[in-house]
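The structures come next, written out as structure tokens.
After this come two complexes, each holding chain A, first together with chain B and then together with chain C.
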Partner chain A sequence: MSQAVQFYLSTLLAYIGVDFIACWALNLQFGVAGILSFCFIIFQAAGAYTAAVLTLGPETPTSFQQYFGGAHLPFPLPVLAAAVVGALLALVVGLITLRRLRRDYQAIVMLVVSLIATLVATNATGLVNGANGLSLVPKPLSKGLGLSPYGTTYQWIFALVVCGIALVCYAVVHRITSSPYGRVLRALRDNEQAAVAVGKNPLALRLGIYAVGGALGAVSGALLVEAISAWSPSSWLYPETFSYFAAVIIGGSGNDLGVAIGALLVPVGFLEAVRFMPTIGGPQFLGALEWIAVGLLLLVFLWFRPRGIVPERRRKYPAS
Partner chain B sequence: MHAFIAALGFGIVTAAILAIASVGFTLQFGATNIFNLAFGSTMTASAFVAYVATEANLGLWGAVVFGALFGTVFSVLLNRAVYLPFVKRGARLFEMIIVAIAVTLLISNIIQAVWGASFFTLKLAPTPALNFGALAFTRDELGIIGVAVAAMLCVHALLHHTRLGQAMRATATNPALARNCGIPTTRVIDVVWAVSGLLCGLGGVALVLVTTSFNPQTGTEFIIPILAVAVLGGIGQPYGAMLGAVVIGLMTQLSALVISPEYKQAVAFVTLVVVLLLRPQGILSEVAEQKEVVA
Partner chain C sequence: MSAVPARELAPDGPASRPGAPPHLLVVEGLRRQFGGVRAVDAATFSVAEGSITGLIGPNGAGKSTTVSMVAGSLRPTAGRIVFGGVETTGLPAYRVARLGVVRTFQIAGVFEQLTALENLLIGAPNLRGERLWDALVGKWYWKRSDREAVARARELLVRFGLEEKENDRAGTLSGGQRRLVEIMRALMAHPRMLLLDEPTAGVAPSLVHLLQDMLEELRDEGITMLLVEHALGVVERLCDTVIVMAQGRTLATGTMRELRQRQDVLDAYLIG
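After this line comes the complex of A and B, so read on.
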């Protein structure tokens, strides 16, 4: 294979890993717990910023971008820190929104939280460099391995690392969904009154899964920024959340395998399809078409196959 | 002082536009409980119809008439073609909100695909400014304030002095009971969508009439202040929406005097979140309602 093809394939592999993690994270929040997490993208953004800042190193007076809390941490640490930040952010947002509020109102509050986050990150330049975002994030592991970050060997190693982390995330997600905790969450989703009647605390249970989802979303963002070396507010505007929602709904919300298929179709598939399309129309014409397709797919699936390509398994439990 | 007067003037115009749009939004939401997030994109679509009208040299009246007409027809069709089938099939509140999001994505991106992501201006002659003491308004702005007041009076008269309005209020309060009393609720709901769409179209045209330029995202973003107004006034309460429009409109513009103008939008955002968390039933109403979607 030529260098360019190898470069492309390894980058694609890293993207697939990142989108799998993001979709599994959203599936925990939306598919399993039924939370309309319309601010999901801010967890990915927070994770990306955390990882970027902790990889870039301390801000110097001469540096061209402004941010706070910079440090040089070796590879897995920025990702772990991102997970912590994502979980904390989810706890804060969850504590505000997940109280006894109609679910559509919850969704609206979360949507607005996403808008506020963009507004603040764009205008408060000292926080994470405003609208320009952060760039030139050093590639992780390249120094330790003694490889050039622009060589194909490094690319493949990094892609495999991302996939390895995705596998670990899958293990976590699968463990949660098949545990009694996952069962309680599904009960809450399907019949809240019944779950409350047998003594379950909806706020505490939902907050827990919301935080796990936030942490995994942040991990996906951290890996994404390590892969592409740059991150700015325009990469996480609120509609991005709905491309992940589309992936989860189309794949089959509540089903880990289905959601992975959805991730391959929507975020990965669309991105790549657009890349290979000839440039037609004005600027952003293809981008608009992409969103039209996402909207249509959502409507078509909600109407014809609301449970997705691979529907959630019907679980039977023996009477105790 | 000058800055304050200018901001006050902008605030009054913003309040008028918000009032037109929010009364339409809240009327429809109160009656059907469908969170029509596509309301903002429908405003944009109406604005682009008005743009086409001005490009065809139909002038201001052409823009207003075609924009309002489009809003009306489109809203009724949107309900009949998309929302109603989902509701009839038993879609729940949270599914409807995803449907509404999908519709929003469709409308705003179809506009973007057709017209591109650039900025547009209505091809109209600038109108002279008229002074009222220290306040100055253009003729268009005065027209918008007039339309807002007229729309409020008409909505009041419709709701309280006609049999149709009575039927609308009955349907909004208890659809099953209304149906059993012989009210043709489906037709009443159609009328609700039409009135809401008319106000939506007018609001969309008004919105782009006072801005120097607009793009395919203009109205889509306007949905948040509309939601803030509707929620502040109490969902389904036209008077609350009028009051809310004045509060949010003035607060948004006057806030620019004390905080950085970039954060102007945050006023509506924060109001919306705070009201939803503290008084989800709005400031005017007594009880929080738990309803399911109505068709």
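After this line comes the complex of A and C, so read on.
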């Protein structure tokens, strides 16, 4: 196998790990808890920026990038810090939106939050280098392993590290979804009034899961920026949120396995397949076609198979 | 227990007669305004502990709004609600429920994607594993309490004749079965008082009889009930005391036999 193909495949594997984590995170917020988290992408972005800044090191007078609070932290500390930032951000957004607003208004406010966040990151240049974003983020572990960060061996090892972290994230997600906490969240999603009527506190329950989803979303962003060494506002425009929503709905909202299949199909498979299509139309055409195709696929599923490829499973309890 | 300063009242409330059972719920001057419309206007009544008290009246009388305020789903514009000697006015619904007041809805409120058994488990109070940290600790931490709740839920399913439906999604059950699931879930919460909003609406006649038998059994077990109902036959059979509401006010209180003699009650039903 040529080095170029190996490079492509190892990068794709890292992307798969990242997208699995992101889709499980969104599934916790939307599929399990029923929160229309239309600002999901800001958690991934916050994680990516946090990890990038904490890996790049402090800004120097000769730096070609401007950013806030740089440090040289060893891997995996930037990823853990990203998780904390993601959780805190989710708590702030959750406290604003989940307290009093009805579900549809929550979605609108979250979409607006996403748009505002992109505008702030783009225009406040001193924060995370504005529209140019952050680049040349040092590859983690390469020094420790004594490998060139541009060699295929390093690429494969890092992709496997990403997949390992994805497995850890899955273990966390599975613990939550298979627990009584997951059951109460699904009840709140189905009928909030009825759950409240038997003493469940919807805000506390939802804030908790929203923070976990935010943390995992941030971890996905942190791993992505460590893998590809760059991150800019164009990476996290609001349509990216909808590609993850499409993955969750198509795979099977509320089902951990289904969501993984959705992640393979949409953000990995479907969007990757467009790369191999012959160039048609203008230079922007294929990019636009990508989103049109995802939108159409989502509509087809909502119409004919609204519960996705692998629907949420019925949980049976062993006989006493 | 209460977000507002709890004013201790005599447990039998203001309207009790000597020798009468103590009042578990006391409602005084309750009002709810929606813009210029007074849906409930100075409603005052009490519910004796261990009784089934009916709340009847024509459409738009303010019965469901009253129940929503007692349950904490709606905040009263004025007036106060005292449950078990503790003022609950303005408390959020989940805190009222934790004090022992559990409601059911006009349209049976089930969790459609959850199985009948899971619907019941949601009612179990203080279950281990229902908080984020408990869930993260792992199954060993909550397995035992969950198993106990499952056993209790299965007992209720057998008692209400729905054991065959244990693993069916609640969304696939009939209207009557959903209603039973809703009541069983309320019972899982160990309520002191049930607020039943038209429990026989949309239920097949055969199930209505079962439902009535069950409610009588629950009353005999000491559960107090406030029953909003349009079917007067059901009210007559079940209720010890009946409160009549009309145009947002409490019009009369008494037994069904007494109320039938009152012209103002008949007028309220005829005129609305």
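FYI, the second predicted complex is superposed on the first by the 315 of 320 C-alpha atoms of A that agree within 3 Å, B and C clash if a C-alpha of one lies under 4 Å from a C-alpha of the other, contacts with A are read in each partner's own complex, and residues count from 1 in each chain.
Here is the rule we go by: a residue touches a chain if its C-beta (ideal position, glycine included) is under 8 Å from a C-beta of that chain, and two chains touch if they have at least 3 such contacts.
Keep in mind it's a predicted model, so treat the numbers as computed, not measured.
Three-chain overlay on chain A, with chain B and chain C fitting side by side and no clash. Within the superposed three-chain model, A:A166 lies out of touch with both chain B and chain C [touch as defined at top]. When both complexes are overlaid on chain A, the residue A:L119 reaches chain B alone and has no touch with chain C. In the superposition on chain A, A:I261 makes contact with neither chain B nor chain C.
By the touch criterion defined above, A:A45 reaches neither chain B nor chain C.
In the superposed pair of complexes, A:P239 makes contact with chain B only, with no contact to chain C.
Contacts of A:F285 after superposition on the shared chain: chain B is touched, whereas chain C is not. Once chain A of one complex is fitted onto chain A of the other, the partner contacts of A:A90 are absent, as it touches neither chain B nor chain C. Chain B and chain C, viewed from the C-alpha centre of chain A in the overlaid structures, lie at an angle of 70 degrees when rounded to the nearest 10. Note on the superposed arrangement: chain B and chain C approach each other to a least C-alpha distance of 6 Å.
Touched by chain B in one complex and by chain C in the other is not one residue of chain A. Within the complex formed with chain C, the chain A residues making contact are 172, 175-176, 178-184, 186-187, 189-191, 193-202, 208-209, 212, 254, 312, 314-317, 320.
Residues of chain B that touch chain A in their complex: 35, 82, 85-86, 91, 93-99, 101-106, 108-110, 112-113, 116-118, 224, 227, 260, 262-263, 265-266, 269-270, 272-273, 276-277, 280, 290.
Of all the residues in chain A, the ones that touch chain B in their complex are 34, 36, 96-97, 99, 101-105, 107-109, 112-113, 115-116, 119, 122-123, 239, 242, 245, 249, 281-285, 287-289, 291-292, 294-296, 298-299, 302-303, 306. Those residues of chain C that touch chain A in the complex are listed here as 71, 73, 92-95, 97-98, 102-105, 109-115, 117-119, 121-123, 125, 127-132, 134-136, 138-139, 142, 146-147, 150-151, 154, 167, 169, 182, 185-186, 188-189.
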